[in-house]
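Naming follows writing order (A, B, C and D), and every chain is counted from residue 1.
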């Protein structure tokens, strides 16, 4: 998205806003425009939006509703969402009739009819809100507020499927654009990258520059045409000779960059989802695979594609195991073997085995790995390749992952096979080294013990 | 959409294609890739696409299905659509169960469940097809083929709601971009304008230039970000001093352009929908209103916004009326009063009245005007302002509209009021002149006669 | 140059024009603005432009002068150019003094002084004219008019070095941009390509499309940032398997394109200079070499880079030779052996040899080849590789080149060596085949005879 | 300049570099490419560049020379510049002959001849260096080094006119583009803005954002198409209601922005030249006038265009006056009346008068104001409108301008008149208030005294 396009686009946004505002002058729905927004008032406007057949009025109403919503307090928003639940479902009589007809004659045609009758009015409401200037971004933000409201009031959960359904449809992979983010990118986008980085914090513009400007660093993001300045997800890549065993070397301000042409390995060391309002709409697998292809095209010398990933569930799991008393935590609730030489040695021996065991053998109720990052990469078809000790000695790394990180390896020719085996039978593709490590841990039905 | 963007985008399309192609090498679904496409084979791939959990494979499969579909004959496509109808509906058992549950307890939550159970698998199939390179355009084209197949086999009608539903959602006004088309526009887009013009044929590049390059001509189109070179709908505008009474003067190659700053009137003299596959997704009202706003902003001197529109249903209706024997048709099936002075005089007196009557008083079964163009502009809130005799003397103009054209007038301050009156009670906003004209026609229950 | 940029730029052009126009309201140079332009009036304004210290006024004056000049008749332009010659040279007294000082003391510093004193006021005048909106394009056009005026009045020749000097400096290779022209290019540029093609006429938009849209066709042009829609020079390229022996196959509307990836040979079959006003500023050699590099990068499978070139001076030269009476011309002044079988055979034997002789042995007064196209390619370091009989059977091809065309071959590794040999000693790099062909012609001091 | 353009361009730059590098393989000038650069070696290559007729070789040589130059030490660069002075002047014999001919017959034609003979070879050398990738920027940088070398060795002064001449010609106003810089601009450009701000330091990205992102702030820059990421000059604008009397309010991080539509006044509060290598090529007057036009077009509500400018020469001048002993400086060499109430009062009375006197009455040897900023704005046709006490209390403001700032006012309708009066007779347009202030100062031939 270029500067001039943005400005051109913004001209049209203003025009559109201007249509909306003009139309507002024509409608009188019983209250003045400057009246303070209330959820009741917005619900009234939402009914008008659905009943209105005038499309210009539709944009104006949508715009007014979005403006009003954004001024509501959290409580008012919750009230509004409750109204969405109560008043904007499907037509009950119609749906009942369609259900009865279908049960009498479950024909394909009657299936279509029931499908149409079952669609809640919320969906058309959301589609009309999307027509307003900057509507897509604002609908995404409404869902973000909705998810927050659901956290404290699960009764609102029934409103979410309509948002989720439409956003899943609108943020289809076919509509996304991959862009490389670098020092030529606009400050407006770059500041969002700083803000959104969720794995290894970016401390400021100089730190950001170190991640996008040197010849051996890349950052790629997916964008949606209607969230032009706002990335959906991004991945940070380091180009290296060998597979790195720690994040410290990658993030060091003092390291010497290498020419991209000398790189043999692309390391995906950070992946961040950016939009809370798009939770559950998954972009990561598409992103990694497209970036692998993009890099192979640009740098034919690349041989290996690996991650350097945290083990975010490891420490929490470890707490529940017998082996913990043998270890120690310091006052800051960090594992402190790193600094204590007397414990360092045994920890260095014991911990990678525990991590390998955790990743390979500890499963959730569906039989898949407990660890979310492991599920993600293994589900994408990657191989669990290596566990690295003292790979992330930052406070968060020590607390979450006991300072370890994992390399998952993407081998294009095996991705499909690994994915199918994992999806169908939860089989994990792993290196011999990790398998062996895991076998150093004894584990039957109870907590693990170290061999 | 600029040239360089297109090329950049095309690079990514190729990459994406490349991912797809590479993935194809990994999957073996029992047949070789070069095997001739068959509808049975494609149906098999569609099932695989829905069952596959691997997203890279998904893009590859989608791509393969789209490639294969495009090679099918019409008959094979019909067979494929029948399979979509038969094999990709909702899960019958699940839907039955949800219907029963809902009938027992029509709660909001059960309504959500039935809505989810009722969604045909076709919708997810279409969403996954959309992920392929150039997927959106190709899905639109599939629907175009589907509509053709339905024409000869109405049994396929039940497949269309899923395409219609998704395209209606994906081509939401919020995703469209208005662009001015002019002589700086790429030839790739311009040739499509020539191709798509459906009202007043563009005879070649010089004719096109006369419609977009002079200072008193404009052409605006809506684009979707994923159909970048392909307009969805466009409108041609002439900037004039007065409201024109004929199309001949507007299209004349010999006319003298005026500076845009001298224009007082913007005339919408041609609106063309471009994509058969988007039939029923309506853009025209949005387009006209946004162009009005755009022009007002650019040219504050503009006072009037009118159309110069055909009366496409008039001649067909007239055939059914008593008055016709008093008129004559020539050997080419054209109304020939234009050239025959003896008939010309009475026709000139009689015809505008008949047209006014037709537009104001002849209704369809729902009580709205018979004439589709009248329904469109009146439904948008325009006023039926003037009927013009000998306004389009081209063969088509003579045959369809008996050489007449109508000015519909868009007055921003009245649009909402007119629209509401029309939508709610089929009331038509009209000028005094047209009302009077219509009253010259006597009409009771039978065919009209002229006063 | 993209559509949106052009429009953005044009906004600024208008602003600039607006500054100029506003400023005009402030100056009163004794005549009203609407007075008909005259060369005397323009000369007066030129003096004002040079004396004015106000830069806003400078742009306004420059704009007024350019507008006025463009309304002059040819005779008035000639008068204006005479005034440029007479009134805008260097300061005579100052130059005399500087010359005397230099002759007394030819120091480096005095050389600088004489250089500054010798610069005609015309150069500063042209630089100030260039500041006006669209100034660069308009200065180029003034030189085009000047060259036409010189043709009929060589006395004006002394004005040209100043235009030539500045344009040579402003159109330095470092300022030019290479662009590929294709079907995504704007109609505004494409129509100029049609207009400017000087070698093999483009008959319309369909013919143009055949040269830029198929996968095995390319067209590249140099642009200057300030002549954004207007190419300076372009080359048309056909991608083929083998070196082509005729233009007919390349231009045929019926040929089957090949995928670019199958091409082994890039054929430069047409090079056109576009701007008369830039005569003498040479772009061709830069263009060919950069296109060779661009194509090698995009299509690593390319092995050979050759031209298919006319021999424009051949027929004229042949007229002066003894051998002509043995041949015949038809009523249309075309060589007619092509159609007359009795002459065809000997011509086919004799003509290529004559052409080879002409290209290799017939020299201008400086010892370089008589043929301008040969001088160009050989001067660029190409090899005279092959003479093709019946290679261009169009009327122009028959009349100018007796239906023959030549392949010059660019071998990157030999370019420098060939160029140096040609530049230093007029040595021609040639294939054995062409050398042998030339030896079939006997030639001593007089006209040639055929062996 | 957009991101994608830059990348497209950079592809071509690489291609061009690739041509250059390839060509290097073909030339052997007696030394290997990896030999350490030396000024003697570069001089040798410069001679080769001028003698070479091969244009591809020319680009390669130019590239090699520029690369080499950039590795030289300051001393080596000085040596190189001396060689440019000694070995690349005009042909002495030819210039002598032309001078003699001209003195015998000072005809127009002989003037042209002497002009051509007098051009130093340095100019063609610079033009050929400009052909190399990124040549323009690098030539600008060479001149920057040259100016530094001249500072310590005035003997090199004679080399500068050739650089100055070409850069003056290449950076003609007609080639520049105005761009608004805002938060959508690339980080690569923004960091240069931070770097180049010369008047009121930008302390970091947040400070920068406060100057370009709020609705009542603007920053405009001139760019050259070949220095795409690098501004030539920029101006910072504050949109305000009234004419501001101090810089503190404008730069305050705590101020409340106003909507642009409420602004009545545009304040030019900082103008920075960016390129040392373009010293003497003046852009400021063009920039201010175009920004005035741009703002008037965008914001018709603007009534006043004023500067808030320092008086950089005031304190230095004041030191030389009798009045100084009555004032005091503190240990940090700052005027300390600001903080010392006992002195504050009289200073507040006395200082504005002294400043008004200084600006109006203190002249340089040519009779123009001593103060450079005053000369600039008055020369542009502005009015000396107001002197503001305690308008810049920063250390620099206190030290240079004794904490005062001046509003110069640009009234479009008076610019031309003021400019002419200033240029022709050094007459200063001033407000009554400033005139009166100046009269409070008694001044005859010696230092000033306060009334």
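Please note the rule applied: contacts are C-beta pairs under 8 Å (C-beta built on N, C-alpha and C of every residue); 3 or more make two chains touch, one makes a residue touch a chain.
Bear in mind that the values here come from a model prediction, so they are computed numbers and not experimental data.
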Centroid comparison with subunit D (C-alpha atoms), farthest chain: B
Fraction-based call for subunit B against subunit A, same above half, different below: same
Separation of subunit A from subunit B, taking each centre as the mean of its C-alpha atoms, in whole Å: 37
CA centroid of subunit B to CA centroid of subunit D, Å: 57
Contacts with 2+ other chains: residues of subunit A: 4-5
Residues of subunit B touching subunit A in the complex: 2, 5, 9, 12, 15-16, 18-19, 22-23, 26-27, 53-57, 59, 85-86, 89-90, 92, 95-96, 99-100, 102-103, 106, 108-109, 111-112, 114-116, 118-120, 127, 130-132, 135-136, 158, 161, 166, 168-170, 172-175, 177-178, 225-226, 285-286, 289-290, 293-294, 297, 379-381, 412-413, 415-417, 419-420, 423
Complex contacts: residues of subunit A adjacent to subunit D: 2-7, 183-188, 190, 205, 209, 229
